[in-house]
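Data block below; observations after.
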Amino acid sequence: MSTYSNTRPAVAVSDAMTLPQRYYTDPAWFQREMEAIHFDMWLCAGRAGQIPDAGDYFLRQFANASVIITRDEHGTIRAFHNVCRHRGTMLCQQEEGKFAGRIQCQYHAWTYKLDGTLANAPHMEKVQGFCEVDYPLNSVATAEWDGHIFINLSARPIPFEQHLAGLDRKFAPWRMAELQMVERRVYHLKANWKLIIQNYSECLHCPIVHPLLQKQSHYMSGDNEPPQPTYLGGRMDLREGVQSLTMDGSTKRCSLPGLSADDQRYVYYYCLLPNFFLNLHPDYMLTFTMWPKAADQTDIICEWHFHPDEIRKPGFTPQDAVQFWDITNQQDWQLSDLAQQGIGSKGYQPGPYSNREELLLALDRFVLQRTDKKR
Amino acid sequence: MSTYSNTRPAVAVSDAMTLPQRYYTDPAWFQREMEAIHFDMWLCAGRAGQIPDAGDYFLRQFANASVIITRDEHGTIRAFHNVCRHRGTMLCQQEEGKFAGRIQCQYHAWTYKLDGTLANAPHMEKVQGFCEVDYPLNSVATAEWDGHIFINLSARPIPFEQHLAGLDRKFAPWRMAELQMVERRVYHLKANWKLIIQNYSECLHCPIVHPLLQKQSHYMSGDNEPPQPTYLGGRMDLREGVQSLTMDGSTKRCSLPGLSADDQRYVYYYCLLPNFFLNLHPDYMLTFTMWPKAADQTDIICEWHFHPDEIRKPGFTPQDAVQFWDITNQQDWQLSDLAQQGIGSKGYQPGPYSNREELLLALDRFVLQRTDKKR
Amino acid sequence: MSTYSNTRPAVAVSDAMTLPQRYYTDPAWFQREMEAIHFDMWLCAGRAGQIPDAGDYFLRQFANASVIITRDEHGTIRAFHNVCRHRGTMLCQQEEGKFAGRIQCQYHAWTYKLDGTLANAPHMEKVQGFCEVDYPLNSVATAEWDGHIFINLSARPIPFEQHLAGLDRKFAPWRMAELQMVERRVYHLKANWKLIIQNYSECLHCPIVHPLLQKQSHYMSGDNEPPQPTYLGGRMDLREGVQSLTMDGSTKRCSLPGLSADDQRYVYYYCLLPNFFLNLHPDYMLTFTMWPKAADQTDIICEWHFHPDEIRKPGFTPQDAVQFWDITNQQDWQLSDLAQQGIGSKGYQPGPYSNREELLLALDRFVLQRTDKKR
């Protein structure tokens, strides 16, 4: 039986209340959050392994942004707004695909190289002052961390290293760059993006909502890091006899090669603000990227990644991990949707956080600070 | 043949025009009406018979409000906003059901007694200043009149007696508390709530729209009460040989026990503002509660109630009354939807009421007065 | 092979950029455009042949307007707002039909003559100051040009002749009044109305988007008129051996009777602002009327019209022309939808028009001028 006790610092009810309704429902506030947060910060877009070759691409769409992530002939990852510089036509509609060496608009055949420069703009010869060099695709900054691709829509992104804030060193032993994505699930939530981070950032709901998870990892186990400017994270312990988070707590897969004995007993849960969840298990990595669509709507892409040595073994299957998290995800998404409904209703008023919801309070403060800065 | 003549007082065209378009289409005006009217006045929610036992409950949802109506262990009817005081999660999603002694939030198991007090809030022990007594469910006032449950979302409701304004005495002979609901139909209208009251408040359209009704009750028969601050009502006569409003005008059911000979020849139509229609027939009661969803959207719950002595009789069926009113309702709802479309269109301008549409004018004045008071 | 060269006057990039995003996405701007343009100018509504007899009618719905177009007993074409003057009920819902001598409101039987005058308003006898003559249907101005019906919602329309600006003389040889509509297709676009005119007003996209059209008519052939205050138009040449725009470029139909040898080699493309496209082929007429529904939504009615002598011939079929244009239309609509998506996205910024997009620039200036005038 557990002997965990609540040793985190106390909070005062006067300092720790949930945000007022409009932060979750007002379209104008949502737009302001996007400008101050999602359009200004580094977002995890996906994995380098999704675009191994020049011309491979995928799209990411959130708020009113649509971004192409591709790889150029030199192997450099590039990102562009999905809009032709001529008359604004959307360039790609398919979620993923491969450009044949060039990005060509279907409307008038303006043609861009994979580095975004305008290679050909037919019939512009009699436009005085027109110069191809002035009309490259609108570019979006990119960065890579151990196989995770990040994008930044700001004109002046903060250095990516500053955003990572040492997480690259902390998680180096997992050698995430080596891992390969095996399964993807996409979820469409009717909830504000902040509610999804809040749900992720505490496990007080776990014994009630996630009986399977609770059986394998006690909700009071482990601990959180103090909140950081760009991330919120912590870890939990696997119960004795449990090898990983799977349907029955066992796994036939070896632990990831670089892990310490301690890290083979933990699951790490890190939210790199504002759109990336990283769940590190002894034998696999689970990633979530979140794409706000409206004040009350968010899409989530969830992916399961494994070590290639394991994938190659006969009889390899990810299903024990996929089912575990798909069940757990659905439980969380349903509650996030219910939270959106309740917070949006007339009877809502801010309520008190407990001292074990300190990361949620940190998220609220992060949002207030970021939006204030941009005011 | 009818010998009815139009003896109501004349009106002047200059004083009696319909309201401008925005009162029916502007979302901001709709919100103001809700604040000044539906969130401030007594609303009929349903019948006490729907929740006979402790823990039985049903929901009512209108504008952005969601209200739980339930019964506590002492038999007292209670109503609460459907929102947890912790992080705002919606408590119930099912339209009706039964609480097992407690109302528990699915998210973190905050648990409320059926009287709304917070019985248990797990993990709040290290929150300084937190006290369960400060976080009961947000309550909604309730009242009961002859089996009709009323709710009031205002912090300071006017006394229910004042709202009833003597209707309890007027309709005491019907002994409505004894009647039992046998059939329910729910209708989803694309019309402003005021158009539905206006449709209800005059019978000039009856010979054109409701041939079946007109056959059994002449549209010029009966008369209206002068408009009252909280209700608009009148009665009409059954034609000679007609026993009640049913498909063929006959009924096998006895009249309700307490009715005078006169009242056995009338049908009463009362609108208790702003959301309750009460149609009293010699042998049954028909009720409508209206739930505005948006400026151009209203849900209506229509229920047929009969005397238990009749219900117990072999061969009892409500279908003669159900079909009569379902047909009549659909005719009215279609016209209300058409009115919404026309009033919302560019060609609309206010038009003149006749002297027999005096209750409609009274409704318009009621709306203007209430919204003005709250300005 | 073509020997066409780009001889149109050069433009300067500084003078010829597409409009900012909000002109295509902002609902308030859309409303302003409607007031200044569609509610103020002559719109092509359909064909006189659709309503040959008194009482025949069809509806046109755009923005929040709904207009009845009908014919009175004297054979005069009439148009009215589709709204009863009593309580604003929409009069007709069916897209087309026939009035039995009168237009009667379904609600209270207010009855109008086909010229719009109020013939009967029951139960208004005790309304002081009420006079039928004060409550005719709200009328909409009408005009006719060679069988095309035009409507104008303004209280003071400019003279229709001034709107036509000589096009009646220019296209007199086609004797359009004689032609009969044989086929109709209705398209629902998710695109701003201006994007559809822009698509129509240049053929630079034709070799890329419309291979079938390009095979039969070279995209650089023909020329445009200088932009006019009320129309934008030009013509293109049929390639040698091509008889008309059909699936294979041949036609069994005779040319329209009045055409010169030259006009039998051309296709004319005229946009009479703001809602009418007129495509004149040697052997048939194609018309498009456009009905804006929202900033990002437009309905298009496309109709194929032929000479009655041809229609009467055994074996007549319009399908060679219908298929050609249905394919071409769908290609254009898809691009207009993509343009809407791209222009609405975060990465959009105004881009440069070429010198062969001079009509698009003229459209933008027309919109700015009209909306400014009404400011």
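First chain written, first letter: the chains are A, B and C, and each begins at residue 1.
Keep this in mind: a contact is a pair of C-beta atoms (placed from the backbone, for glycine too) under 8 Å apart; a residue touches a chain by one contact, two chains touch by 3 or more.
Predicted model only: the values in this text are computed from it and were never measured.
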item: Shared chain contacts [chain A and chain B, defined touch]; value: C
item: Residue-number overlap at the chain A/chain C interface, same or different (half cut); value: different
item: Between chain A and chain C, centroid-to-centroid distance (C-alpha), Å; value: 47
item: Per-residue multi-chain contacts in chain C, two or more chains; value: none
item: Residues on chain A engaged by chain B in the complex (per definition of touch); value: 6, 8-14, 16, 18, 198, 204-205, 208-209, 335, 338-339, 341-356
item: Residues of chain A touching chain C in the complex; value: 39, 63-67, 80-91, 93, 106-109, 122-130, 135, 138, 153
